[in-house]
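Shown below is the structure under consideration.
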Amino acid sequence: MTLLEVKDLKTYFDTSKGLYKAVDGTSFDLDYGEALGLVGESGCGKTTCALSITRLLPKEGKIHGGEILFEKTDLVKLNDNEIRARRWKDVSIIFQGSMNALNPVMKVGDQIAEAVVFHEKVSRKEALKRAEELFELVEMPAKRINNYPHEFSGGMKQRAMIAMALACNPKVIIGDEPTTALDVMVQAQILNLLEKLRKELRMGLILITHDLSILAETCDKIAVMYAGKIVEIGTVDDIFMRTGHPYTQRLISCFPNVGKEKILPPAIEGVPPNLLEPIKGCSFYPRCHMGIPICLEIEPESRELGGKHFAACHRSGEVSHE
Amino acid sequence: MKWILRIKKMKEFGKAVAKNKMALTGAVILGVFILVAIFGPILVPFSTMEFGAVEDMLQPPSGKYLLGTDDMGRDILANLIHGARISLLIGAVATLISMFIGTLVGILAGYFGKGLDNVLMRFTDFFLVIPWLPLMMVLAAILGTSLWNIIFVIGITGWAGTARVVRAQTMSIKERQFVERTVSIGAGNLHIMLRHILPNVFPLVFANTVLVAAVAIVSETTLSFLGLGDPTMASWGMMLHYAFEGGATAAGAYWYYLPPGICVVLVVLSFTLLGYAFDEILNPKLRGR
Amino acid sequence: MSNSNVVDIKDMKVHFDIKRSLSQDIIRKNKIILKAVDGVSFSIGRGEILSLVGESGSGKTTTGKAILQLAPLTEGSVDFLGEEVRQNDKAFMKKFRQEAQMIFQDPYQSLNPRNIVMDIVAEPLDVHGLVKTEAERLERVRQALEQAGMSPVEEYLYRYPHELSGGQRQRVVLASSMILEPTFVVADEPVSMLDASIRTGILRLLLELREKKDLAYLFITHDLSLAWLISDRIAIMYLGKIMEIGKPDLIIHRGIHPYTRALTAIMPQPGVNKRNDRVILPGETPSPIEELKGCKFNTRCPIAKDICKEIEPILEELESGHFVACHFAKEI
Amino acid sequence: QTSEEEINSFTVGSSAAFDTMNPLSSYMQATYEFFMLIYDPLVKYDENYEPIPGLAKDWDTSEDELTWTFNLQEGVKWHDGEPFTSDDVKYTYELMMDTGLGYMYSSYLTGITDIQCPDENTVVISTDFPKANMLMNSTPILPEHILSEIPDEELEIWANENPVGTGVYKFDSQGDNFVKVVVNEDYFGDIPEVDEYIFVSYDNIDSMAQSLMLGEIDGANNLNTAQYNQLMDDENVSVISGEEKGFMQVGVNCWTADESGGNPLLKEKGIRQAIELAINKQKIVDMAYNGHGTVGTTLINPGDYFHYEPTEAELRSYSIDKANDLLDSTGYVDSNGDGVRESSEGEPLEFELITIADNLEEVKSGQMIAADLAEVGIKVNNVTMDSGALYDQIIGGTYDMFIWGWGSDVDPTVITGVLTTDQIGGNNEPFFSNERYDELFLLQQQELDEEARREMVWEMQQIAYEEAPYIIIIYANNIQAIRSDRWTGFKQIPETGTYFFNLTDYNYLNIKPVE
Amino acid sequence: MTRKIIARKLLYALLTILVVLVFNYILFRVLPGNPLSMMMRNPRATPETIAAVKEFYGLDQPWYLQFFTYFKNLIHGDLGISFVYKAPVAEVVAKKILPTVLMVGLAEIVAIVVGIFLGIIAAWKRGTKLDVATLSFSLVTYSVPTFWLGMILVVLFSVQMRLFPTSGMFTPGKNFITTFAMLKDLFRHLALPVLTMSLVLIGQYALTMRNTLIDVLSEDYITTARAKGFRERYILKKHALPNAMLPMITIIAINIGFVVAGAIQVETIFSWPGLGRLMYEALRARDYPLLQGVFLLVTLSVVLANVLADITYSYIDPRVKN
């Protein structure tokens, strides 16, 4: 049984200028203990995707279609109370920039404990004990649960956030750029930790980032997102070795590989399409170096390239040979 | 080209205002009063401001006097229209003075920091902390009760809040990279303050202006009411002063003591609405759906 | 030698007295000193790109700013084109401010949101009074923007920064910095805020300019692989000190200093799957306010010995152009 | 303990504030009102302002009119039980004469050279000239046994928290805005029916009127004209617009000295007279004072024994034509057509008129005067300030014209004294000086023959009216009211005067509850 | 850290007080009109008397000597002697403190409770009719001049309905048989002043609370709390309000100056025997020493209230505390 299955998710924002199709037909799935990396440039809809799964969209955002099957239950169909009961217990989320994600006037331990108290109906004392254990799990001194967020460094806050995310033993953790704004060394520490915990606790992990290079080491599967759609999804090897989409290919080449030659790849010129307007054909076409007339006319379907490797490109077979 | 851009920007702002119900209400009310202040005295001949006959004293509203007369036999409507000019003039000029001092002090303190900041901020704290009404009362008593003194007093007591926010904003702008970048190309302090700081604190000053203007008008009314206004200038505050002192409440002359008060409330409300709305427009967090 | 170098800095120190306010002076007498840069020497030759790499707070930006006299030098000297930079020499500073420029990390913050592109780019000209007529001004701006790859120029001249994408903004910054045709540029993480997809465009531009104008860069970054890709030399910085300096390949593949090695070990490498051997330094960097005896790295160093806690190693030349500051440099 | 109902309690509201309970340093009229009940003078006034016995049961003067003998009431006790003696009189008078304390009373004592107490019940007072106002002396007699305990330098700031007098009412208690006195059962004279009087000061006249209508107070002083109209409709209340001693005037700077800061044109009598002619006093009475007052002429109020009424020829009643003629004839014409007359040197007739900002009637009057004078080509600029600032201007002689008022009393000395040369730099606000006037002033003080004295006082008023340093606009009334549904026995004093604040205690002693 | 902040605040407060003292002195020396003018209007006052009085009050000395005397006396708590009341200023002032504290305190409490409550409702039900109603009410009361409001309330409640007395603190001269009767009388007199005062303040507090809360509700930690599955009411109570209350404390403290202004008007209108009215009367009577004394007391208490708020703030805001 798959843990989480997102099928043709459509999340639109109702803005003053019209309907903004931030996520427009995204599908992927996640198994127990599996790590999925979601990558793409800024504004492509990664965070929106994560918020849709937890149904935490701002009030102008709405799921317009698709299913989010969590152990066969469609989260989209749940009412407010039902989804609330599932949050944190089933799916917890570590937000982009944990600097502001912790309540500044509450002790960190209490912030962890309140979730435990709420979902597991235990006493506050037990919950605090759990918080201490969690702190040890994320390699922090247990007594620091009595600190306030501002007394932590960035890396420690991020760890505290992870501890908090683990509080109710969720089946899925979504990490929305949990390491941006952190130092390379701390970033490595955090990623290591997440990987370790995932393996130990057999949780599903969705790691969102715009830095493709860090996914290779952390994830099993990578989904590349562009303009609200997943343009390619597959194992790490699929993505790096058997690239099936020109966007993925260009993205990869943006990260210098110290093992190889020193060449500066050509930039991806242009900007992503305006999602307020309907797009005809392939949304990447204006920036694509491999475009052919058909791309302008017909939107490419997601095609299987072997195994669980899919890409949405009319010329997906030719990409890695470019 | 540049001024086209400026107009475009103003239009955008205008659109934002028009979309915001509060701002629109405020702008409409204020607009009406400004028009009345500018053109009213031309439309309503001044003769109606002169003392009337004895039998015209404190007459209730009638066909002849739409809002009745005061205890000097003057037409209240004419008085109100005339008062709009004075009250708004006081509000406007006092606000300008406040804004000028506040912006200057704020920018200097925020930009230069250190000793100057300390000195200026202690000074600002003093004006911020000291209760405004007693201070104004004392100053008005010292300077005497002429229109310009009142304006001056309101102006120099109202700037502290502005100075504080401008200072805070200046300090944050000063840290912004474009300022550092400007230093790195060799620009002097004056250039930076005028070209970079001022334009960036301006929206804030602007939003603050309307709030200060509201305070200025209330201040004028209050000072006048307490007998510290200029009795020869028939501002709304002075009208209220005359009304209450002259026993309009006892005489049941509601047409005398209500209209000036309502005018003050409306104008202040319009400023408050605008200020509140500007805050919402300029502060994206508060922005409505 | 000195004349062929664009900048020469010798034993530069920048210490901040981080409590300056009146009240703090009265309440507590002893000062708190933050040693942002604590004795750094290097030089950059004409057309050379020197990358300064290190973690956050290690003093990279401060070093760059100190060279440009934007941060106060506590000690040491900066020579520019063989001449010592003197703050109070007005004539020299005027020239210096034209010849040496800085590009900042955040393209969203380096542009005044209330100015249009034309005014932003022309500002250096205005400040130095270099153009007489409006037409001349427009021409210079047009050239600079074109050079920065913003064409057609007309489309951008009258835009406000918020009407530009991140990449375009950084190009405007570049155009504005290049309009005075400098010989030396401090580029402080110019691409770290940009999406990977537009990053290479900016880098390409920087390199092109070097080719064309023989520009020298101090390229500040925390991304080792990026430094490797574009620079002629790499300097590794930790807590206000340079730990190692040398040719990129040398640093990446044969780095000597334990800190360098830790950095290279965690360097994410696309396509290289799941290395389980990576060593991650434990703990966190000490605060630069703390007085540290001995080697600054000793608290986290996997090979630290007693000597490291006592004596601070000096930067020694191991082989030509490769300097390391470690007591055990030779043994590793 | 008595319950509330059995007590006849009468509350008097006034818009004037109280200051201190110490008669030696108090100067507020409101305070005098209850001092009058707590303390007795030697001689009081009856309702016709004739002297009647106070602490002195009778009195006598010597042949040369320089020695007065007062026989005191017997068995009088202070409120604290101590006996009252002639020494208290001597002590009080000498204290005030020596220290100048008791500002409001001490000038009654001028001319006294010696005080003797031949026995406990007799006081003999010697004067150096026949003292015309000897019996018009309302100085309260204070208890020596209490005051002598207080060091001299502290007498002025002595709080006198518990005033002890000989009066028909005893001090009871004091609150933030009220003073309560209760009847003195041991009084040597008749015991009035009202058991207690409560004097309440109001900041806000409207509140006072409300309180009166709500029955919270029984009498009110200084109501305004709007309230007069309102109370006229209230059958429970008897409201009057009573004449009061005093007037409101335009003071004109006629200082002839070089240091005068006023407009020199005003030194000319003709211009002052023209100004008076051009002012429509009746309209001011009607509009600014809502008809509560009479058009003013001379220094002493009509109805007063000493009042001088100008003859038809002397009278300058409102006439624009006469004002214009007068100005034309003195050579002031509007030569440049700007609506303002100029002197032959081109000096415009433009003056500043200062009014006190918080006096509504006076501010209104000022504006009306400006409008009136504009009609005859005199430009007046209204300026307002507070009384302190105006006082500075007056003392410095730096004003052109101002509006202010005087209150006066029974004896004409005080009010006529204001315009003597002596008082320049003091009360002589217009810097007026007239030899004949000064001479008459001294003479009338020493004239014990009433008729003869009146002749002198008349001539003084005639001079002052002719010279017009003061243009007296109105003798304003005081609007007072009493709850007539509850009280009776009160009357206006004198016939067209007021209920309270009229220098007599008649009403306080005669008010009775309605059966 | 807290200690340091308090020390700094105290230092600043001290500086401000110093400025107040000097300013206070200068201000009252440049007031025009001789302070004795009221007395001297008495036609019977002789020049000798006046000279004696002047000497007594030290007004015959040059201004700098007066200044030193002022300072010296101030240190001894001697504020001089009131011209009008002929009693030490400290004594006169002391009697008026309680009534003001009672009236203003009660009004503040009512305003804070109601204002905050309205603010919360408006922010919580943002955009609904309830919000619009609360907002309109707040904006209007915020715009009404205090004295006018007071007058209107008098006309309504005293003149028309005859519900409450119009002035004073107690029915003058009344002997109260029981304490209860006295309290009843007191509260009848308190009703209108307190109503006026609190109405003016409520608007301000409600507006501030609404804005602050809206700000807080858009913070990341609120999203985190939602992600943890908590109920909205709980989030409001535990996460949003504690954070929103912090700025409120500062606003309430800064507002004291405004409250004083209101108190002057309210006390003048309702003849409330407090400091505000005393000040107004002292101003009209040019009772310098008294005016100076009240002004000093009022400014000092405002300065101190601000310090107190700062200190409270530094104790309850963990970010400042450590």
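For reference, chains read A, B, C, D and E in written order, and residue numbers begin at 1 within each chain.
We adopt the following convention: a contact is a pair of C-beta atoms (placed from the backbone, for glycine too) under 8 Å apart; a residue touches a chain by one contact, two chains touch by 3 or more.
Here the structure is a predicted model, which means the values were calculated and not measured.
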item: Farthest chain relative to subunit A (centres taken as mean CA coordinates); value: D
item: Pair of chains joined by more contacts [C-beta pairs], A-C or B-C; value: A-C
item: Between subunit A and subunit E, centroid-to-centroid distance (C-alpha), Å; value: 54
item: Subunit B and subunit D: spacing of chain centres that average the CA atoms, whole Å; value: 45
item: Length of the line joining the C-alpha centres of subunit A and subunit D, rounded to whole Å; value: 91
item: Centre-of-Cα separation between subunit E and subunit D, whole angstrom; value: 39
item: Per-residue multi-chain contacts in subunit C, two or more chains; value: none
item: Junction residues of subunit E, two or more chains touched; value: 12, 31-32, 154, 159, 268, 284
item: Contact set on subunit A toward subunit C in their complex; value: 41-42, 153, 155, 183-189, 192, 210-214, 216-217, 236-237, 240-241, 250-252, 254-259, 262, 264-269, 271
item: Residues of subunit D touching subunit B in the complex; value: 205-206, 209-210, 224-227, 229-230, 283, 286-288, 290, 355, 357-358, 360, 363-364, 367-368, 371, 382-386, 389
item: Residue numbers on subunit C that touch subunit A, as the complex places them; value: 55-56, 165-166, 195-204, 207, 222-226, 228-230, 252-253, 262-263, 266-275, 278, 280-281, 284-285
item: Footprint of subunit E on subunit B - complex, ascending; value: 22, 122-123, 125-126, 128-134, 137-139, 141-142, 144, 214, 218, 221-222, 225-227, 240, 244, 249, 254, 257, 261, 264-265, 268-269, 272-273, 276, 279, 285-286, 288-289
item: Parts of subunit B lying in touch with subunit C, wherever the complex brings them together; value: 1-2, 5, 114-115, 118, 176-178, 180-187, 191, 195-196, 199-200, 202
